[in-house]
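After this come two complexes, each holding chain A, first together with chain B and then together with chain C.
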Partner chain A sequence: MRAQRYLSFGFAYYLLLALFLYLPILVLVIFSFNDSTLLVYPLKGFTLRWYSALLNAHELLDAVRNSVIVGFASSFVSVVFGAMAALAIARFNFPGRGFFLAISSLPLVIPYVVLSVALVLLFAQIGVPLSLFAVGVAHTVINIPYVMLIVAARLAGFEQNLEEAAMDLGATYWGTLMRVTLPIAAPALAAAFLSSFTTSFDEFALAFFLTGTENTLPVYLYSQLRFPNRLPLVVALAAIIMLVSVLLIIFSEWLRRIGTQTTPRGAE
Partner chain B sequence: MSELAVELSNVFKTFSASNARDVNAVRNVNLAIRAGEFFTLLGPSGCGKTTTLRLIAGFEQPTRGEVRIQGKPMNGVPPYRRPVNTVFQNYALFPHLSVQENVGFGLAIKRVSKEEKKKRVQAALDLVELPQAADRKPSQLSGGQQQRVALARALVNQPAVLLLDEPLGALDLKLRKNMQLELKHMQELLKLTFIYVTHDQEEALTMSDRIAVMSAGNVLQIGAPIEIYEKPATRFVADFIGETNFLNGRVVEMGTAMTGVEVTGKRINLPRQNEFPTNSVNVTLTVRPEKVGISRPESFADEAKRISFSGVIREAVYIGTDTRYLVGLSNAETLVARLQSSPGHRPGEYAIDDPVIVWFEPGDIRLLTE
Partner chain C sequence: MENRSRITILMLPPALWLVLLFIVPLGIMAVFSFREGSFGAEREQFTLENYQHFFANRSYLNLLGTSAWIAFQTALIAVVLSYPLAYFLSFRAGEARVTLLTILIVPAWTSFLLRILSWKLILGSGGVLNTFLLSLGVIQEASPLLIYSRAAVVVTLVYVWIPFATLPIFSALERIDRRLLEAAADLGCPPWEAFLRVTLPLSLPGVIAAFFFVFIPTLGEWVTPALVGGAQGIMYGNLIQDQFVRALNWPLGAIMSLVLMALVLVILIIFNRFIRISDLAGA
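And then the complex of A and B:
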């Protein structure tokens, strides 16, 4: 009886939590179909016109394109550098390894606003103009630690003697990397890429400080909040982005899982 | 046969631990392993046997000393340029490749032509009796099948020496016994040099041409199974291989053909075995339980050369074909005797507290100093 009461209490708590998390998203989706420029109840009726209007909102689509470009480029570079760092951490016991790990994870805990100011100052010093390129560099900086941790976890998870086995069978260091290490780490690399991409895609502070005339999507959306009649359009776009992000996260989580399941059973 | 497959000369391997205490995993190891030999490195975990194997494979470089394979110095040569292949303890099959891709891995790297690769992979799978498994993934195979794939993957490259690191450790007892025989047959069939690492003394005795017993990084004794078992060189070897008895003794006389030893207050003469300084050297006498006889005092025939002590049965454990008796001697030392059930000795023949005579032949005793 007692256990059951706790169980139902736990369930109620969980329900409340889920509601708190997902109700705003639900409201967003509902209003994206609402036939009114005002985001107030009662709802006026169902429409798809905000979605169709999106197709002609050139500035907005440009912002989406910019975000996608920055997202892809910065994620790609993050994965390359992050994976190299992960290899170093997981496979080599070099002096200062702990220190290296600590400072590479620092971007995880520095507030983005602080990092933004620091980067603005730095870029001004070395003559990098405020631009999408600057935003991309900033996103690479914040994403490398994530990639590193995801890939290092995967590398730590598979038997190191797979690499020894490859060398024993005649593969050089690079051969082993290409034929064994990277293929086995591939799901983790893909997961790291996707999670980097989503981070970059909805990052606001760094993009706001560092971009020049070309806006990324979050920055553009923020600027549109001042115009009430554009609001429903923003809501519709936000609903689409929500959906795409959720799908990407599910996909990357799935990749990460199948990645960890391919280790053979058997020996111990 | 006299050609040497692998030689280790004065090889040391020291690992520097993070707490600044170095670990000497291998200390001054000398091995001369002949071509075509089934050579076993035997010892408890942490004795340096796996490190020795890894030094031969090239995963470790010696801190001092030299490793030669087929006469060629191997110091500084990476694993992928050595004519050896390894069967790993946990098989280390590539999870993302099929069985035939696993087996063909070494050939693919050597850029062997497609047809020849296919032929050799199939031949290797036939050899390990897994002809049907080619397209499966390692995760779809049982432990025993994975073990066979690992073996095929190594053998297909036709190495000069096959290194096996406790390959049967993860298999259940029955499968392990079968694989022991199969491995031995395969080795004889292919006339390959096998270097086999195990902590299982029975496995080592069953399969090996020669065994090197290791402890704490040192090789204590190298010899054929019968030498290792019958003539252990040290107390550790005697104790590690099979069950044995130890008695404390003191050398009191060194003759030309015999050694006089005082044990449990009694003077006995043994055939001369080692060089001992004449006076009062403490030694350990060792005798295997199956070499110990038990008789009742009234029926004991005190033949001239037999060595006998009187004692009392302390424990009698029936274990099927044998009965294992623990006999207390006059000075509180004990001896274990294993008597086979036979018309002369029926199980339960001696009961606890029975006074008995324990005896053995002088030739069955080994004198050990360390």
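And then the complex of A and C:
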């Protein structure tokens, strides 16, 4: 039965598409070890020099640092605001709830170019210079809805009796929130943070419009695409980033899996 | 009464944040579309000329039409390729289905730009595919046609969107009550007919959602065409981007964005009941 399942036409199709999705990553990793300044087939020979050269690529490392800062700051804000909204939406019914849900999900579907333009004009209007700060703010707009969905799913997934029990025993609403609800939601919060961070770290379309003199990594990468001889270095970094982000995603999916189980651990 | 203050404390900061950074900017964009210029004194003057210019110049709306056509092809191909995938995962993959789905999603979260760069390495004239085809003798000289074309834009976008098109279809299939299929079988309905008359109609909302999850963001896409589209593959989004990077005609760029936004809102309102945003957050 089991063997048959994996010899099926469907599984072959799955493998084919999985290969299609992973092919570009594979190609980049292979090229990162290729001993040639040109990224062309056939391959020349094995080298680690691109990886060692990375250590001296200051502009590149600055861009990585900028992206990490923007990622951390914007994810932190997104998780705080997203979790607050999720707590209200999952536990209360109030006028404007549906409206807020509709509005807050718009950033998920609106073309980014529209959001970029609107934010460029906002910052021009209020006199905030385009900068990493502007990029971080833009990233919160696209990440808050995701955080809300992830955390609300977690809150909907466990019974409210724990919260009720805590309050019956004399805990205040806010005490219950801090000592019961949030600890239970912790895996979802962590998953939401990681997902926000990876989105921000990789986000290009908004960052391109909103960075000032300092670049985030994707904006820097974009500027390097025009210079073929600088690409091997970029590709080596890409290989590292891809491996790290794959690990981060697997970790965050794992957290979310724990996070959305119906009964929280220790509550059986 | 107590609940009211709790709701206020929880909701006010995120609601204000989103209003200030999402609703207000759209309003400013609308105001900007009536301004005479991007900077200085021109910015203080209001005019309707930008609108006249936009609607008099047919090439703008034509390019929007072209972009809609590219987005339509992309969404259609992505949905057609994703459906069997979602079907396999939901109906045939058993316990492993969430793991198998996660494996598909992982590449989507790695660098978008670098995956596009990789496609350039594969499709470009000195690229892996060309040299491979050359060595097989299938083609006589390297074909640059594989890249810098509208087709290259569609292929690349389909690649980018397949995981996201699979999610809503998978969710819709997961919601189908399997007893309906048993009932169909008990009543003598052959499997393919049960698929056509039970499974497919019931999964249609997911299919429509998947279509629009791809179609709407693709409408405003500019990065992919800038990288692999060449002169033939430019889209409406490139036009908007150009108003801010080179032409520095912000009012015109604001009008173009408003038109795009209006189109998107019309689509969202018409197909509102099919588009379940929560499907995007995962299975």
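Following the convention adopted for this analysis, the second predicted complex is superposed on the first by the 254 of 268 C-alpha atoms of A that agree within 3 Å, B and C clash if a C-alpha of one lies under 4 Å from a C-alpha of the other, contacts with A are read in each partner's own complex, and residues count from 1 in each chain.
In the analysis below, contacts are C-beta pairs under 8 Å (C-beta built on N, C-alpha and C of every residue); 3 or more make two chains touch, one makes a residue touch a chain.
On a predicted model such as this, the values are computed, not experimentally measured, just so you know.
**Q** Figure out whether A:S200 sits in contact with chain B (first) or chain C (second), or with both, or with neither.
**A** A:S200 contacts neither chain B nor chain C.
**Q** Once the shared chain is lined up, is A:A85 touching chain B (first), chain C (second), both, or neither of them?
**A** second
**Q** Based on the superposed arrangement, let me know which partner A:N34 touches: chain B (first), chain C (second), both, or neither?
**A** neither
**Q** Based on the superposed arrangement, let me know which partner A:F94 touches: chain B (first), chain C (second), both, or neither?
**A** Second partner only, chain C.
**Q** Identify which of chain B and chain C touches the larger number of residues of chain A.
**A** C
**Q** Touching A:P183, do we find chain B (first), chain C (second), both, or neither?
**A** The first partner, chain B, only.
**Q** For A:L169 in the superposed arrangement: first (chain B), second (chain C), both or neither?
**A** first
**Q** On the A-aligned overlay, A:S75 touches which partner chain: chain B = first, chain C = second, or both, or neither?
**A** neither
**Q** Regarding the shared-chain residue A:L121, is it in contact with chain B (first), chain C (second), both, or neither?
**A** The answer is second: A:L121 touches chain C but not chain B.
**Q** Where on chain C does chain A make contact in their complex?
**A** Residue positions touching the partner: 2-4, 6-7, 10-11, 13-15, 17-18, 21-26, 28-29, 32, 81, 84-85, 87-89, 92-94, 98, 100, 102-115, 117-119, 121-122, 126-128, 131-132, 159, 162-163, 212-213, 216-217, 219-223, 227, 237, 240-241, 244, 250, 253-254, 257, 260-261, 264, 268, 275, 277-278, 280-282.
**Q** Give every residue of chain B touching chain A within the complex, in rising order.
**A** My answer: residues 57-59, 78-80, 84-86, 88-96, 105-106, 109-110, 137-139, 141-143, 146, 153-154, 157, 170.
**Q** Going by the contact rule set out above, which residues of chain A touch chain B in the complex?
**A** 158-159, 161-162, 164-172, 175, 179-180, 183-184, 262-268
**Q** Applying the document's contact rule, which stretches of chain A touch chain C when the two form their complex?
**A** 5, 8, 10-11, 13-14, 17-18, 20-25, 27-28, 31, 38-42, 81-82, 84-85, 87-88, 92, 94, 100, 103-122, 124-125, 137-138, 140-141, 144-146, 148-150, 153, 173, 198-199, 202, 204-205, 208-209, 218, 221-222, 225, 231, 234-235, 238, 241-242, 245-246, 249-250, 253, 256-257
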